[in-house]
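The same subunit A turns up in both complexes below, where it pairs with subunit B and then with subunit C.
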Partner chain A sequence: MPTYTDMTRCDGCGECVDICPSDIMHIDPVYRRSYNIEPNFCWECYSCVKACPQNAIDVRGYADFAPLGHKVRVLREPEKGVISWKIRYRDGRIKEFAFPIRTTPWGSIKAAGEYEKPDAAAFGTQMLAHEPTALHIDALPTLEQKTIPAKQAKA
Partner chain B sequence: MFSINPFAQVAAGLSAAFMQTYVVLMVLAVIAGTLFDVAHKGSAKFFERRKKESRARAERELGGGEKLMLAVETVAEAAVSGEFCKWPRRLSHLLMMYGFILYVISTACLVFSYPDNARPDSALPALWTLGACMVLVGGLWFFFFLRVNVAFDGDSPFHVGRADLFVGSLILSVLSALVWHAMSAAAANPAAIWITFGIYLFFTTVLFGTVVWSKFAHMFFKPAVAFQRRVEEADGSSDLPRPSTENYIVRS
Partner chain C sequence: MARRTRFVDSDILVIGGGFGGCGAAYESRYWGRDLNIVLVEKANVERSGAVAQGLSAINCYMGMQWSENQPEDFVRYTRGDLMGLVREDLVYDIARHVDSTVHKFEEWGLPILKNPQTGRYLREGKWQIMIHGESYKPIVAEAARKSATTVYNRIMVTHLLMDTVQPNRVAGAVGFNVRNGDFYVFRAKAVIVGAGGGSHIYRPRSVGEGMGRTWYAPWSTASAYGLLIPTGATMTQMENRIVLARFKDGYGPVGAWFLLLKSHATNAAGEFYEKDRYPEIKGRVGHYVDIQPMPTCLRNHAMIEEIKAGKGPIYMHTQHVLDTPEKEELGWEDFLDMTIGQAVVWAAQNIDPKEKPSELITSEPYVMGSHATCSGAWASGPEDCAPSDYQWGYNRMTTVQGLFGAGDTIGGSAHKFSAGSFTEGRIAAKAAVRYVQDMKSNTPRIDEGYIEELKQTVYKPMENYRIGRNEIVAGTVAPAYITPLHGLQRLEKIMDEYVGGYSMFYVTSENLLNRGLELLQTLTEDFENVGADSLHQLQRAWELKHRIVTAEAVARHTLFRKETRWPGYYYRADCPKLDDADWHVFTGSKYDARTGEWEMSKLPVHHIVA
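Up next is the complex of A and B:
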């Protein structure tokens, strides 16, 4: 289900261009509104749909579940951590779904560039950059060191 | 510079009626351009059809008081550019919007109330200069750093297209106005003053005369669309899903 932009809603803010992992959301040079330059290459990750502050990006549903004339609209509620989907079928039936999108408030995750530059010595450790803080623990568990009796070591 | 009426200098060489006629012509150009834009692009038909469709889907009829409240909310949102999610974009637009309002109103007051008074006993020249400076700061910030094709699409800051017609002519209009005003205030060479005045008139004419091709009319359309969306949300005809009743954020 590739995405497309409703130009009457689009504000031309560029959030979708910024977030699209396959770089197919671009800016129309005449009207300066976003558009999907290559729907066939859309990864269907819906990052743009979730990021759009104007709810301007819709999803073009596949014919098997939403035939021509359908409409798929998305509502982002970052303050609740919810993305809701509404599908209006050609015969007027409506289905709505709501999914949690994250367990932390919108905007609370720092981008990689916002972290302090790590100490060069950190490259030598086994831990990932954000550990153990991101795991909400004081320290990672370690293997218990056992001394091997001399007899077993010889065998 | 903050106490001198730049238009009084013009009245010394041209009649006061010249600038007054020019201002009226520019107002008419904006009205005609917007009406032509509405008719040519079919915007009015599109919004009327959308209104009819939403009325047919509406779950309840809104009262006059409710609509008035929604209109007030829309105006309040537009007054602070609440539709923008990022503060630099919002701030630059606010600078341009309020600067433009100050600039236009003070221009009209100076041209019609003090056509040949070089030092009017009012704050109008200061407001005119302040408005132009606000537009210039907000406009240049937007043009060089915030334009979406520059900030996200990798275009050069000097890349210009049709979408830049509005912001470009606006920046050049206020920039030439400030240069002309500075030269008048400094009593520079009269020929140089008249040349900069001509440049100012040229870019101002481009700004107000190209409404059909530029983004000028978005100032009128955006609040209208925002109001329509609020009405649709209130009467249940919005095509967006219903807001969730659950909060899924479990920790901060």
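Up next is the complex of A and C:
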């Protein structure tokens, strides 16, 4: 395929169409459900699978080297900050894993323009936004100057 | 067909919302509070570019806060890995800033693994730190989206626009909306290109339905080079295309397995082939073989020779290292966070890594400027440390006025990876803000006739199809046009067979290259007859164009550099050895769009770090 849509689960919402980096999830005009229009440009990136609110998309490994009978399923829960995987082998064995995906609430990042406006002096230096503070050392290294000593190692 | 034209004005136009582009959008806003910053992306910034699926490591982090590494150490490392040739000023510049980028990522919510004993970031290797990176791209995209004035998703940029008064100055870009077909004209005072490197320049090992299973994403269509080359921007190191050693078929990464889990690879007989091949490699490249760690290309070389000698399969012995549940999780997360296809291969082929080893192989070649390789544009360096002939103005500005780049776009600075590409976007953006302020009253001018001409060009593949389609009943075989896929497969075959692809064991020569260039010329001509039956295929057509232009640059650079600088990435069979006397230089090229001529040059290498 590698992705395919379960006809009975999909409600044609278009989330997968919106997200696919390869622009290959499209809505079929007759059935009003999504499908992969160009499987040979699919990367099995799972962006569409993670985005589908109906869990309607699955992946069947590339036919040229993946035997049938396996499944790699995913459930991404952004509000909980967790992603869970369930892997079923061709011979039936199962492996399950869950990993954290984000430590702060979605939407909480400050735009660059919300920080205090830098002054003209900073603009004239080699320093980038939030430096040197964000470097966690006292000054931006330059080639003339020897190594900047590290601050006390933080735990 | 009448297509609407939409004009968008901006101060800074960022093309491509991947790691370089997101860094550029963020930093432009930080310094340019009242500037109009436009980000344009062919997919959706939320999940676009090489990091769409996530990553499990950040491969460029110094750790200056703990004195783990200094920027100078990183310059020495990349210089060694690239066998003497990196733009040390650019590499140094990224290294000194990259820690602030990574600390910002952590503050934004990216989970970075910690070493429980030391409390420091958990190192995978000397330069890499481990992350839970499934949402790496959405997190970074949130920062960029909020910082840009406007983000345009689903617009494929096809051409850069040049100023009508000053021929060597950029004035914006044009493209089309892949959903509704509108033609977009972006006028800008400065342009930052972060449009990504190139997969599918060479024939992939995977076939048929699986052909999208390349190591670099199939949507990495070399636009970073395909947009720049026609402007006459000087390019460098385009012959330095990279071959990756990865888990076979799935292309799962090997870094965490070698470096963190301390797994090892052998040939089928269980022999440690790398060290056995030392004398032969020494004969080819001399002292470069003794660099620690051994340059990436030379490790490839050892594997390629082993496979040629019939000693494969090469195996990664994962079964020896997964002795705790934590290590098993780490091993799987490495794939699930960044190459899910590899987990699919294990499940499908009944390979439990705790029980069985897995095959390794070398990939088809890719063209990119941010990994263990450095193809891309020749850029002006940082004002405080670039030698004078690396400096003609603003940091990260190409040889075209007002045209900046980041990530895969900029040549000569390898090993940027994700955090380094974002950092380079930041560096370019600060310089672009300065450029815009300096140019205050001098806005680029664009001629209406020129726009109209470009508009015709952009939609021509659909016109070709509309007319040519009437000659046939159904199907894809038409006398008047070829599809974008046909063109892509022809390109891949030419590059594979003449310019050192996997089926040639990466070998080429002057005669092969000259023949390859003849065939590329006819493909360039045939591109005029590509037929697109939809806006989606129109996007594929322009992706093909960007790949063809890039491929020609690769072939020309490889022909010009008469040595084998990076055995394991490619071989000039007629110049098999590394030749520092003549070639301790960068290769340069400049394309003249009016005449179709390429001007090749040697550009100087300055060692600024001892």
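As a working rule, the second predicted complex is superposed on the first by the 91 of 155 C-alpha atoms of A that agree within 3 Å, B and C clash if a C-alpha of one lies under 4 Å from a C-alpha of the other, contacts with A are read in each partner's own complex, and residues count from 1 in each chain.
One rule holds in what follows: contacts are C-beta pairs under 8 Å (C-beta built on N, C-alpha and C of every residue); 3 or more make two chains touch, one makes a residue touch a chain.
All values derive from a computational prediction rather than experimental measurement.
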{"item": "Touched partner set for A:Y31, first subunit B, second subunit C, both or neither", "value": "first"}
{"item": "Subunit B versus subunit C as contact partner of A:K80, first or second or both or neither", "value": "first"}
{"item": "First (subunit B), second (subunit C), both or neither touched by A:P100", "value": "both"}
{"item": "Touched partner set for A:D11, first subunit B, second subunit C, both or neither", "value": "first"}
{"item": "First (subunit B), second (subunit C), both or neither touched by A:A56", "value": "neither"}
{"item": "Which superposed partner A:P141 touches (first subunit B, second subunit C, both, neither)", "value": "second"}
{"item": "First, second, both or neither for A:C42, with subunit B first and subunit C second", "value": "second"}
{"item": "Residue contacts with subunit A in the superposition, subunit B compared against subunit C", "value": "C"}
{"item": "Which of subunit B and subunit C A:G113 touches, first, second, both or neither", "value": "second"}
{"item": "Those residues of subunit A which subunit B touches in one complex and subunit C touches in the other", "value": "18, 26, 71, 85, 88, 97, 100-105, 108"}
{"item": "Touching residues on subunit B, where the partner in the complex is subunit A", "value": "46, 83-86, 89, 147-149, 151-153, 161-163, 215, 225, 239-244, 246-252"}
{"item": "Subunit C-touching residues of subunit A, taken from the complex the two chains share", "value": "1-2, 18-24, 26, 37-47, 51, 59, 61-72, 76, 78, 83, 85, 87-91, 93, 95, 97, 99-113, 115, 117-118, 123, 126, 128-132, 134-137, 140-143, 147-151, 153-155"}
{"item": "Residue ranges of subunit A in contact with subunit B within the complex", "value": "8, 11-15, 17-18, 26-27, 29-32, 34, 53-55, 71, 73-75, 77, 79-82, 84-86, 88, 96-98, 100-105, 108"}
{"item": "Residues of subunit C that touch subunit A when the two form their complex", "value": "26-31, 33, 42-44, 46-49, 52-53, 64-67, 70-72, 92, 96-97, 99-100, 103-104, 108-111, 119-120, 132, 134-135, 139, 142-143, 146-147, 154, 178, 206-214, 217-219, 249, 329, 332-333, 336-337, 340-341, 343-350, 352, 382-385, 423, 426-427, 430, 434, 536, 539, 608-609"}
